[in-house]
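Next, two complexes with chain A in common: one pairs it with chain B, the other with chain C.
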Partner chain A sequence: MSKSVDPTTNSDRSSWRLEQIVDHFEAERSRNLRRGRLQQLFQILVVTLLLGGAFQASGLFSSYLGDGALGRIGNFLSRLLPQLHHDRLFEDRATSGSLLYWFYDLDLWLKLLAETVQIAIVATVLGAIFALPLSFLAARNLAPAVWVYWTVRRISELVRTLPDIILALILVAAFGLGPIPGVIALTLGTTASLTKLFAEANEAADMHQLEAVQSAGGNWWQQLRFGLMPQVLPNLASYSLLRLEINVGGAAALGIVGAGGIGVELSRAITFTEFDTYFAVLIMIVGLIFVLDLTSEAIRDRLTGLEKGA
Partner chain B sequence: MTAGSDLIERATLIAPNSVYPPWINRFGRWICWVGGLILFGWMCHNLDLRLDVLARGFTKLGVLTKAMFPPFANGGELRIVQSLLDTFAMAVSGTVLGIIVALPLGIIGAKTVIRNPVIHFAVRRTLDILRGVPVLVWALVMISAFGLGPIAGVIALALADFPHLSKQFAEAIENSDTRPSQGILASGGNRIEAMRLGLLPQVVPVMASQSLYTLESNFRNAAILGVVGAGGIGFELEERIRIFAFDQVAWIVVAYVLSVTLLDWLSSQVRARLV
Partner chain C sequence: MLELVNVTKTYGQAIAVNGVSLSIPAGSMVGILGRSGAGKSTLLRMINRLAEPTSGDVLWQGKSVLHLRGSTLRAWRARCGMMFQQFNLSPRLDVLTNVLVGSVSRRPTLQTLIKYFPAEERARAILELHALDMADLALQRAGTLSGGQQQRVAIARTMMQLPDLVLADEPIASLDPANAETVMSALSSISQERGITVLVNLHSLDIARTYCPRIIGMAKGKVVFDGSPDQLDAAMVEKIYGRRKSTESALAPAVSTTLSSIPTGEVA
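What follows is the complex of A and B.
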């Protein structure tokens, strides 16, 4: 904006007197400022209306919480915490106040936690297997035709707009309760998102290496295997691990709609208002995800380091 | 053929290990593949992922999919659009609440602002732990605390967002250039002025872009919160699935996908103008 009022760029204005230049500049500048302020005012108005409407619709303004809301939250939080007695902390699960009394169904929870991890792993592996060939079709530099590239991309976008939980909800209706709908829902989501990520890694690959394999007589498959794969594999592995982290969280939540894993226990604890149980299971989930994140982050750092070193 | 074998002979002389990898490598790789395959098969077995179960399920899924066509709202168009708007309202409110909580935490979590490593570490690690909680898990707790309704969903969204946002805000502040602030301090400005004029112009566009991105993901999250009773489109969807009205399910899914696409497009337009 300031460029258009710069008088020195206009040769026909070079004969102007200094006052004229200053006057012109000032006028232009105040006009710009006014316009900017009006625009700002309009934007603020729109955002305020949007926020006001949103708050109103979601019940943030209304006295929805009723009297003593803080007290109720406090009460709820205290029910979330277990009743532990410091002198009985390490007694067996029959003694009220011990840690094992709090984690009373530890064996089952560990089993369900293992199931959650297995759902996540199986879904990630299957998703990566499906995504790999699709990613060749969805990469602009490898796709056999533009329409193939376009179709695969659009379909993967479409699937990605549907949250795993909604997919799982529909799949539970078809497959019944249990881990299978969870695995399929996560596999679908993983396939769609990994197709995109893998395709982007493929597009960033150096095509000269594929051409080198081709000129040495390699066919299409050999070009991918020896020209492309060594370049992109560390990236693909790193993306898959990242997706595994996401899937563990997803698998933990899927149980809430009946798709297997630890979420089933969460949902049961809430239904029976066992809030301390809920908290115990929550601690286990959070711990699992935390440990997994750290491990996977360390591996991913090594993988991308390998790629840079190569 | 002879030329080929000649080539291989020469290659073997130059780099024997790349032509014929040492047997220990080949054996190790083979073991890894077989071990991985056995492990994967064992997991599939544990999850009861059998072909006949899958075949039965997919047959039923085919029947359900057939029932989805043609999508039919059964006169509930207005209600569905209304609930989509409610879901959007939940997403906006949740994002705003999340931003309000994340702003101070982001500033505290930035290495360049709070130089005390203990505070920095404590804030970052706490956020890391909280980030592990899926939004649906928060929602279950909040619904039992606040009762059924969108307010529980809003708070769950905010709780799930603020750890992510805080981390991103902290990184935006850390990645900003400190020289403008130093310049303002050097020319006589105080710390507040240095922040307002040196730091904010750099980080606000980044933060706004991340907040918009959060809004996009919150619209998706808000949709699933309805499933556990926070109202909105998820509730409508769950209800229709429960009564096996799959033509209405299809209508809702199509409307939902269209609105997600619209929101993503709008948000990407605004983000492109911001950065």
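What follows is the complex of A and C.
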């Protein structure tokens, strides 16, 4: 390496020899690398300390669970499973050991499951409708003023920190038992989270397309309609479907606090220690979410396929 | 008549356009040449107020356009059709809707938001497309078209605005030569047949000479040349571009001949 390279006095590079240019670049590059490594080391140290503290606080490794804790779990698991009899599986619900005896309240559960899906759908649709205009205000590139952007973002964060179930608990106290408080709670949560997701899709949009509409004399709404919406619509639909899946799970839990849906059966089964009933209802919920996942995945694939255009 | 009076635009410390004064008679076709960063784009964008001049004035038919606000500003923008290097169509909308976007400033907002356009606007749109040999593709998604086709859609959209003026910001910079010719001759006939003033930013000297009776050269935010293609001699070209156009031949040997020769005297 030639000694003549002094990176501090690089005022006139035009007189440099080519080796000097290369050496200068290499020196700068290794300086950058050194700085990067130090930063990484520091970050690893901080994360390790934080993680260590968190594990310590959680007491996961140090707590004493009591004698025979494993035995208790085994006992619970065995009570979760139904008493089925292979030669009586398809008998009627009065026969102990049949499938229908296990799923003894199937009609009611199906009705409650349908209610759960309805709560989720209504909450998702309403949430998406409310979130759309809010997402324009919560997108840095579209908001009419910084304070609007800031306010909408902060409010959406505030609502998101409240779990749906807590919101529902409050609303049940206000509106009484039934699906209405459930729908309102989920709608609020959905609006807040979709506002954030939609806004981020908006921020990633190509602003040139809006500018073209602006240059044609279009106002703010027309710029959004013809410049933005065609770009982001597949994303928004995809986020909404994802949120629908989450909401079905959420709506299933809402019944626990009396806000409608299948959750009321879950909570009843636990209260009366009917663990096999609990398991039966759980299977139905998992099955429902599974079907929903497959459906919305198919729809999403179609939407993103369209996005690539053909 | 479009007049620019001592127009200046600064971004922080940087001066993009520096005291430009021009007057451009209605119906003329003007090519603007200059290196990237010479201020060509900013100049066009100040005319339709996508950028605000720091100082100076822009006048159309003797009236300043700098005080326009709200709906009068949008009406002025509609009278200045703008074209872009990357076309800036909505790729997921069909060609016809993209063209109809050119009429939104004349339509009630609510109607446009549900994509309602009356039959006569649709008819004008399809005829504009037909004039550019694009009517067959009217119902295709714009994103499926080639660059040359997309730029023709952009021309049709601009014509839907019923413009007095077309501001074309490097409309052929991402097109192949054949498509570039098509787009330039379309712009040329717009100017000649409809009497629309066309200002077009260009990179190619030859294209400018062929299509533009008047050429303006810009360097570092200032107008350094304003005249006919005949007056644009080698010395003038050097003034616009800062050096001769033979950069390609200077670069190749620097890579192949190992550490021995390098072009010194980088352009300041």
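Note that the second predicted complex is superposed on the first by the 242 of 310 C-alpha atoms of A that agree within 3 Å, B and C clash if a C-alpha of one lies under 4 Å from a C-alpha of the other, contacts with A are read in each partner's own complex, and residues count from 1 in each chain.
Everything below uses one rule, namely that a contact is a pair of C-beta atoms (placed from the backbone, for glycine too) under 8 Å apart; a residue touches a chain by one contact, two chains touch by 3 or more.
Keep in mind that what you see is a predicted model, and the values were worked out from it rather than measured.
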| item | value |
| --- | --- |
| First (chain B), second (chain C), both or neither touched by A:202 | neither |
| Touched partner set for A:290, first chain B, second chain C, both or neither | first |
| Contacts of A:213 with chain B and chain C, given as first, second, both or neither | second |
| First (chain B), second (chain C), both or neither touched by A:18 | second |
| First (chain B), second (chain C), both or neither touched by A:190 | neither |
| Which of chain B and chain C A:230 touches, first, second, both or neither | second |
| Contacts of A:275 with chain B and chain C, given as first, second, both or neither | first |
| More chain A residues in contact - chain B or chain C | B |
| Residue ranges of chain A in contact with chain C within the complex | 14-15, 17-19, 208-209, 211-219, 221-222, 225-227, 230-231, 233, 306-307, 309-310 |
| Chain A-facing residues of chain B, complex | 40, 43-44, 46-49, 53-54, 57-58, 60-61, 64, 85-86, 88-90, 92-94, 96, 128-130, 132-137, 140-141, 143-146, 149-151, 153-154, 220-221, 223-224, 227-228, 234, 237-238, 241, 244, 249, 253, 256-257, 260-261, 264 |
| Residue numbers on chain C that touch chain A, as the complex places them | 48, 50, 74-82, 84, 86, 88-93, 97, 101-102, 104-105, 109, 112-113, 115, 141, 143-144, 154, 157-158, 160-161, 259-260, 262, 264-266 |
| Contacting residues of chain A [partner chain B, same complex] | 50-51, 53-60, 64-65, 72-73, 76, 80, 115, 118-119, 121-122, 125, 158, 161-163, 165-166, 169-171, 173-176, 178-181, 183-184, 249-250, 252-253, 256-257, 260, 263, 266-267, 270, 273, 275, 278, 282, 285-286, 289-290, 293 |
